[in-house]
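Just below is one structure, and these are the notes that go with it.
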Amino acid sequence: MIKVLFFARLREQLSTDSLQIQLSDNMTTDTIRQQLAETDTLWAKVMSADNLLVAVNQEVTDWTQQINDGDEVAFFPPVTGG
Amino acid sequence: MIKVLFFARLREQLSTDSLQIQLSDNMTTDTIRQQLAETDTLWAKVMSADNLLVAVNQEVTDWTQQINDGDEVAFFPPVTGG
Amino acid sequence: MIKVQQSDFVVADEYRYLANDNQDGAVVTFVGKVRDFNEGIDVQGLSLEHYPGMTEKVLNDIEKKAREHWPLNKVTIIHRFGDLTLGEQIVFIGVTSPHRKAAFAACEFLIDFLKTQAPFWKKELTSEGSVWLDAKNSDDDASQQWQEKLND
Amino acid sequence: MIKVQQSDFVVADEYRYLANDNQDGAVVTFVGKVRDFNEGIDVQGLSLEHYPGMTEKVLNDIEKKAREHWPLNKVTIIHRFGDLTLGEQIVFIGVTSPHRKAAFAACEFLIDFLKTQAPFWKKELTSEGSVWLDAKNSDDDASQQWQEKLND
């Protein structure tokens, strides 16, 4: 299983802070993004945002990273702390 | 009268923190420096230091500044505060 | 020392810890506060969300990076989350070094990188409702400039 | 606020004064302390001489110059004179601004200019006797760089 997390504006727009998905063959950060985008038009819109960021196991990465079972994948907008 | 002040290393080397001198015609910061340098070999050495600074009425200036009666003239080495 | 916390911090306590070593000639601190306006709109407060676990990891990485570039002794990074009202303290960065240039540069580097890399998100409570902040280009520029400067 | 004094200052009190305004998003402070070594020699303490009257004048001028270049709200400069022992605080610079870049730049500018323009002189008490410090080229360079940057 893969744990997927959503933060800030995304979490609010999707009314979801986390969910679990099954690992599939050759799964990447982009595969997960596309899979989630297929949920409905809302998810399609949110998951296609230009500035969407993704972290795997708490490290920001790009859309080609391979996913392994047990990974924690997080989607969020650009950060605005400090 | 002109009030002349000495600070830090200069004050110690000359064993003098202040003195009064008479205003003379066309007196400049450089005139005062030369006049003081004539006191003896110690003063000659101290007043000819390359990095000697001078302030008139508490403002750093160069060696051409005209002196007026009542001015406060201070000699000191480069500053090292902070 | 890195702390991510809901509660407020006390600058006097942080300063006491930082200023305790005779090898240091310089202590530089930065405090970021909730300001009463942003881009022309009245701000009444902030709600700060973060990604627990990742936040601490990123802050540790940033501290490590700063220590690679400057001779630092103590480094303190504190960032709050949760609801904050007007004028409240959000973030504390404190750095000590034998040299003032190093302390200034590292302190500014730490807050610039925190702003673009640490997973915090601000939602502003304004007179027109509550709004998630957009990332600022000026913040990206600031951390970009460090990258260029430090890779020279 | 400019203070030239023999007595110590309390950073907590200075911070409280600085951090009191909701228009400010950033508070940057610098504290310079008596360090236990300088150019390889053990330091046991410092004796600080200044030029009363001129010191305050120069510090006021430097503050004025900083305010011309950056949008600052509060500025505090405190410099001590007299005998100071190891680890003691020498100088405090505190700056507040709506913007952190301005607060950092102004704080560093103020200490850089103070170092090359304010009439203070340090005599170090070392294991080899007491010695007047020579001005550092690096300090002249720092204030020279500001002149060039700000005249651009």
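Letters A, B, C and D mark the chains as written, and numbering starts fresh at 1 in each.
The rule we apply is simple: a contact is a pair of C-beta atoms (placed from the backbone, for glycine too) under 8 Å apart; a residue touches a chain by one contact, two chains touch by 3 or more.
Keep in mind the model is a prediction, meaning the values are calculated, not measured.
Touching chain A and chain C at once is no chain at all. Chain A and chain D, compared by their mean Cα positions, are separated by 49 Å.
Centroids built from CA atoms put chain B at 73 Å from chain A. Here the CA centre of chain C is 23 Å from the CA centre of chain D.
With centres set at the average Cα position, the gap from chain B to chain D is 26 Å.
Across the assembly, chain A contributes no residue in contact with two or more other chains.
Annotation for chain C: residues touching 2 or more other chains are 32, 111.
By the contact rule set out at the top, the touching chain pairs are A-C, B-D, C-D.
Across the complex, chain B is touched by residues 32, 48-51, 53-54, 57, 79, 90-91, 111, 114-123, 132-136, 139 of chain D. Residue ranges of chain C in contact with chain D, taken from their complex: 11-12, 15, 19, 21-37, 86-87, 89, 98, 100-101, 103-104, 107-108, 111, 138, 142. Per the touch definition, chain B reaches chain D in the complex via residues 5, 7-9, 11-12, 51, 55, 58-60, 74, 76-82.
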